[in-house]
Amino acid sequence: MKHRKQRVGIWLIGACGGVGGTVALGLAALAKRLSGSTGLVTALPELEGIDWASPGDFVLGGHEIRSQTLVESVRHLHTESGVFSAAMIHSCTATLRKFQRNIVPGVLLGSPRAIEAIADSEAVTVVKCGAEAIEAIAADLVAFRKKNRLDHVIVVNVASTEPPLKAHPSHRSYTKLSKELVKKRGCVLPSSSLYALGAFAADCSCINFTPSAGSRIPAIEEYAAECDVLFGGRDGKTGETLLKSVLAPLFATRHLHLHSWVGHNVLGNRDGQVLSDPVVKASKLKSKDGLVGQIVGYKPQSRTSIEYVPSLNDWKVAWDFIHFEGFLGTKMNMQFVWTGSDSVLAAPLVIDLVRLTHHEFVNGRRGRMDHLGCFFKDPEGTTDHNYFNQWRRLTEHLLA
Amino acid sequence: MKHRKQRVGIWLIGACGGVGGTVALGLAALAKRLSGSTGLVTALPELEGIDWASPGDFVLGGHEIRSQTLVESVRHLHTESGVFSAAMIHSCTATLRKFQRNIVPGVLLGSPRAIEAIADSEAVTVVKCGAEAIEAIAADLVAFRKKNRLDHVIVVNVASTEPPLKAHPSHRSYTKLSKELVKKRGCVLPSSSLYALGAFAADCSCINFTPSAGSRIPAIEEYAAECDVLFGGRDGKTGETLLKSVLAPLFATRHLHLHSWVGHNVLGNRDGQVLSDPVVKASKLKSKDGLVGQIVGYKPQSRTSIEYVPSLNDWKVAWDFIHFEGFLGTKMNMQFVWTGSDSVLAAPLVIDLVRLTHHEFVNGRRGRMDHLGCFFKDPEGTTDHNYFNQWRRLTEHLLA
Amino acid sequence: MKHRKQRVGIWLIGACGGVGGTVALGLAALAKRLSGSTGLVTALPELEGIDWASPGDFVLGGHEIRSQTLVESVRHLHTESGVFSAAMIHSCTATLRKFQRNIVPGVLLGSPRAIEAIADSEAVTVVKCGAEAIEAIAADLVAFRKKNRLDHVIVVNVASTEPPLKAHPSHRSYTKLSKELVKKRGCVLPSSSLYALGAFAADCSCINFTPSAGSRIPAIEEYAAECDVLFGGRDGKTGETLLKSVLAPLFATRHLHLHSWVGHNVLGNRDGQVLSDPVVKASKLKSKDGLVGQIVGYKPQSRTSIEYVPSLNDWKVAWDFIHFEGFLGTKMNMQFVWTGSDSVLAAPLVIDLVRLTHHEFVNGRRGRMDHLGCFFKDPEGTTDHNYFNQWRRLTEHLLA
Amino acid sequence: MKHRKQRVGIWLIGACGGVGGTVALGLAALAKRLSGSTGLVTALPELEGIDWASPGDFVLGGHEIRSQTLVESVRHLHTESGVFSAAMIHSCTATLRKFQRNIVPGVLLGSPRAIEAIADSEAVTVVKCGAEAIEAIAADLVAFRKKNRLDHVIVVNVASTEPPLKAHPSHRSYTKLSKELVKKRGCVLPSSSLYALGAFAADCSCINFTPSAGSRIPAIEEYAAECDVLFGGRDGKTGETLLKSVLAPLFATRHLHLHSWVGHNVLGNRDGQVLSDPVVKASKLKSKDGLVGQIVGYKPQSRTSIEYVPSLNDWKVAWDFIHFEGFLGTKMNMQFVWTGSDSVLAAPLVIDLVRLTHHEFVNGRRGRMDHLGCFFKDPEGTTDHNYFNQWRRLTEHLLA
């Protein structure tokens, strides 16, 4: 009841990318009733008893390191990838421009070269050390909250993937880490983690929709606990991995032995471009592999590869070849091809996660949200990748 | 404990077809430890606490209307479809021949022309009316039990698919039905139902692994209750439909709207041959369609087609095209191709169902088994086709 | 040289369907240089020595039995199927409206119920017999030529598929046929053939892009010879069948034995809707089957099925499963999935055929055009379906 | 005529691998008429006027660096990959054992680590330098010819793929090369080239069925001309690349613009194992890429990747995603999946190439065979990869 009147801020790291643009367009279109709620888990009939924040309750802002705007982002998606309608974009342009005024330059400290390469220099806040980055980020968030008189700000990382985290001793305790972060050279954290620290410092909730480290570092979790904030992640489960978490339980419960599960992904958006850097790709593949083994209880051969195919733009196509053995040693196989628009698959989940986080917030809960596993490739606080177990956990949490 | 020592009969209707042959070979190979238990649900680690009947506890028999033997059936599968090894067949031949001695001519009364066409005249028991057929079937079962000193006989229908049941007023009560069945012309029941009545009359349990009517007629269920026997069905879920029951819940819980789910099946075994008769095919398609709508709660366009491709022999290949809509009206699609050996997928489920039925038997339960939904395309006593709900129901029943 | 200055009319039967709209938009866009020539065979570098008619040389007109306009047709394709850009449509609207003034009501005589069902009564010219229909059609063509001062009018049938032709004795000679056509009841010709006769009577060239009978009747070919006109067909080869004509030669020349070639097509446009009538579908399937056997020299099992999936709109998806045998009896398979926009695949071929026909015209050739086989599923005057032989024949004809 | 009576030796480098075993079994089975000639190009009806060597005219021998025998190789293919029949193997075992007596240890000099890793020490002839290796190889060939009284010996390299050739100045002239080859350290040639030199030194013909360098080095071609021998290659075209050379001409002649052609291969045999070494893989990928660009006349994005999936054994599965643009900027796609047994696809081509080489031999021709392009991924003496041009060239050569 109460939280209906609350004003909720969504702060996107990488605000004007494909996912950010689609989130913004979606919020505008839903508020104007230009579109139905298909794709939103929180709009399912079985969850309609919950008093979710309405699309119109949200104010969008964010950090961006490129000069592209939200309107340019969705127009580009429309003309190049054939998603959305010109009419919908037209009707939502004013709202998107309003959101745009909340978007400010991001920081590059701790970003890999592949991300630096796509940044525009005017769109970057230059900082000297990690501590300064965190401070700048927190200041941006506080300003956003104040200007828009928001009750709750939820930071969502939808930026490009970073390379795998390099371990550093200071990651183990917040005291050590904060000492490292004031050093001028060689930041020990990737920017995703700096953003998480900035969010917590500003008393915001934080969702990591990417495979980057974000808050998944003991020292940062320690700080989050101190700040008494909500957080969750990581790496939105939108396509091939989602299907793995749905199909692997079938092979497990039918006692069909998986020999090999080979996945090959082609995709053409900025995520694909950044992933064509092999160092970054490693991070993504780590997040995608492994879960089949967890579900079936043994280690089938599992290989996932990714190719950047620019002509696909926002579309991604995944081919999976599943080689399995049935009764009396008989080898059989299943193949699937998943063809989806990356941004369009991801954006509603971002809105769902924001609603779910705000639902916790108004119910007075704080800390790591372990019930959100069905949304993530590499979920917090659980090793259960079985989609249907994850789904049950979510609904039991919500409907308890 | 107790039931370990029990001797259990498996009586197959259509004993020497691909499924029957594979069940027989599987029992022999498992008893001799020539093969692992892959493909057997009842051999899953999470069910290992249950005191299942062992492969060696089973004696196989059945009705068959063709002159083919079990050994010929498995050799044919090996040479034409490339399944099993010559060595395994060789080692099991003696057991298969022993089983063969329990296989007797079946009845054709009530069978469609497509099934008559594949029958051998010497392998058929000629009967004048339904009542006589039931009597003959029951006599065969009683003889089997007696000769092999069996504690429990479970009849499993693995014969070819019959056309959809033609409704008749007598189907509503057993009293009326029994009066009809003594008439010499125009049997009101298909043979699958005569076999079910014969099984019940002989105090046997009965599983319908086909889409045929079997015991799914009020008058027959009435009689089953009277006889206080175990029964369940129908239509083993081994491929495309199994995947539908796994994937549709994903689309449902992600709130992705299904526009259309088109399935195209090619298969080359006797089942495919009989299904190439359009009247029979109707029955199969009825059993395969509909379940997606039940799971998602609305009716997407759903079309399933089947082609008989003799060169595939026991292999079936299914291509499914799933056209769905995501956020903001975006259309996307998923396709899968399932390539499996029909008999090899079905046979372990037959053994599972027999074990599960015997488990009920030794635990003193009787009547319709509504917890077996995950095994069937058109399950008894439930409209829930969501595989993971079905799986939960099974495990809760077993592990309660 | 000379024909550059010639004005050429394109007269489409079914002018405002998806193919007609795309042809009109394409001509307009090419004339305004809003689009490159991708998809046009006549724009290939190896044919650039030929003095093709330019996009701006063409005037479009046609018959239509529905009230939809060209502009509505392309807008519908854009919004529902995601093809073209709003900007391109906008820039071409004036030209499309100009073309629209040349579009007049068609005749329904001889059309199947499935086509009648989609007609708008105001858009139909009512006629009493075949002869009257032919006269009305010819009058429309003569008026079009006169009004637009055209040197050459080429009629192209891009209307919906008709059911297979019912043979009639009068089909054997034009004298007999013309006597039948004045009868008031029971027209012995389908409307595609009435249109062909109307075209020839008005001294127009005629291309049959559909599987309908059109001029493929001895009596009509006799009349075409009398009129000394150009004609060719039939059934544009745009997708699955095109691939068959490309891949079957591979299997033939590698001596790989085809057991079975099963194709399953799903499509959502008006063609699909009309084809969901089983009588009409028979015609299409006849045109699609058979060619593999011609290419390889024996008859593999060949099955093609079609499903109407409205959510696909103009898109069609074909899955083909090719089961073949290699060395020492080894069975292997190839599968392909072809995903294309039906109208967009067809329209450039229509423009190519018009250019190719006009090229013959200005070079003084008349009669049946047997060198166009690579464009058709069921080509005139040849039984050679091997795409590469067909392609060679075309280029040898053009470059001789 | 004459050459019927000629005795022809086939000498395989890598004699007891999957291809070698299948060639041996195939020759034996064909000679005994246990199998038809499916898969053999030289058995096509259109080439039946040519007086090919008969299966019984061939004697097989070869070099092998592992201890596996031909019989073990085909048995392994049968049990693990399900190809051939036990009966066929049984009937051919005596012939295979006879062939086995002609198989001698190979040399490892110049082989990559991945190949060294699979060698058995007893099966290797130790040599001190390239010249010694060539001498040993030539001696083996001379002994084989003499012992079996052969008129013509054709060496075919069917060994595992080597890494890409490292250029060396001595590769430019035979004089320089021969001086290098006597040096004791750092052989400047890979073993495939040493085998080619050995073959030429022994006056044998030589076919390179692999992507390795073989005779594709100016100095070696110079020597081949000196020796006046027949040679050809390289890299047998059996699957994905074959399809590229068939399908790319379609896109070219339809003027459909290829944006991207992504291929992903999974395979499980020794070739796959050796290819899982990234250095070796580079060689294979080089041979597979590029040809699409040659055919269409521009450079679409082209990526081919390979994964070693041991559970597939001799089977390989290739998924290709072809992203293309049609009329008015419309993007569409084609996908195919090719599922074949690697050895069974390759072996008949080896027999074809041997027959074709011997056909040249008996007709008095010598030198590089440029008419064999349709058999190779990277053909000698031509840059034309269009399969149908290649096929025409072959048939014109043979039927001239």
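In order of appearance the chains are A, B, C and D, and numbering begins at 1 in each one.
The working rule: a contact is a pair of C-beta atoms (placed from the backbone, for glycine too) under 8 Å apart; a residue touches a chain by one contact, two chains touch by 3 or more.
Remember, it's a predicted structure, so these values are computed and weren't measured experimentally.
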By label order, what chains touch subunit B and subunit C together? A, D
Note: of the two pairs B-D and C-D, more contacts are counted for C-D
Distance between the CA centroids of subunit B and subunit D (whole Å) is 49
Taking the mean of the CA coordinates per chain, how far is subunit C from subunit D in Å? 45
What are the residue numbers in subunit C that touch two or more other chains? 85, 325, 333, 335, 337
In the complex of these two chains, what residues of subunit D are touching subunit A? 259-260, 262, 264, 266, 301, 303, 305, 307, 309-312, 317, 319, 321, 323, 325, 331, 333, 335, 337
In their complex, what parts of subunit D are in touch with subunit C? 22, 25-26, 29, 35-41, 43-45, 83-85, 88, 242-243, 246-247, 249-250, 253-257, 297, 325-330, 332-341, 344-345, 347-348, 374, 387-388, 391
Listed in rising order, the residues of subunit A that touch subunit C in the complex are 79, 82, 85-86, 337
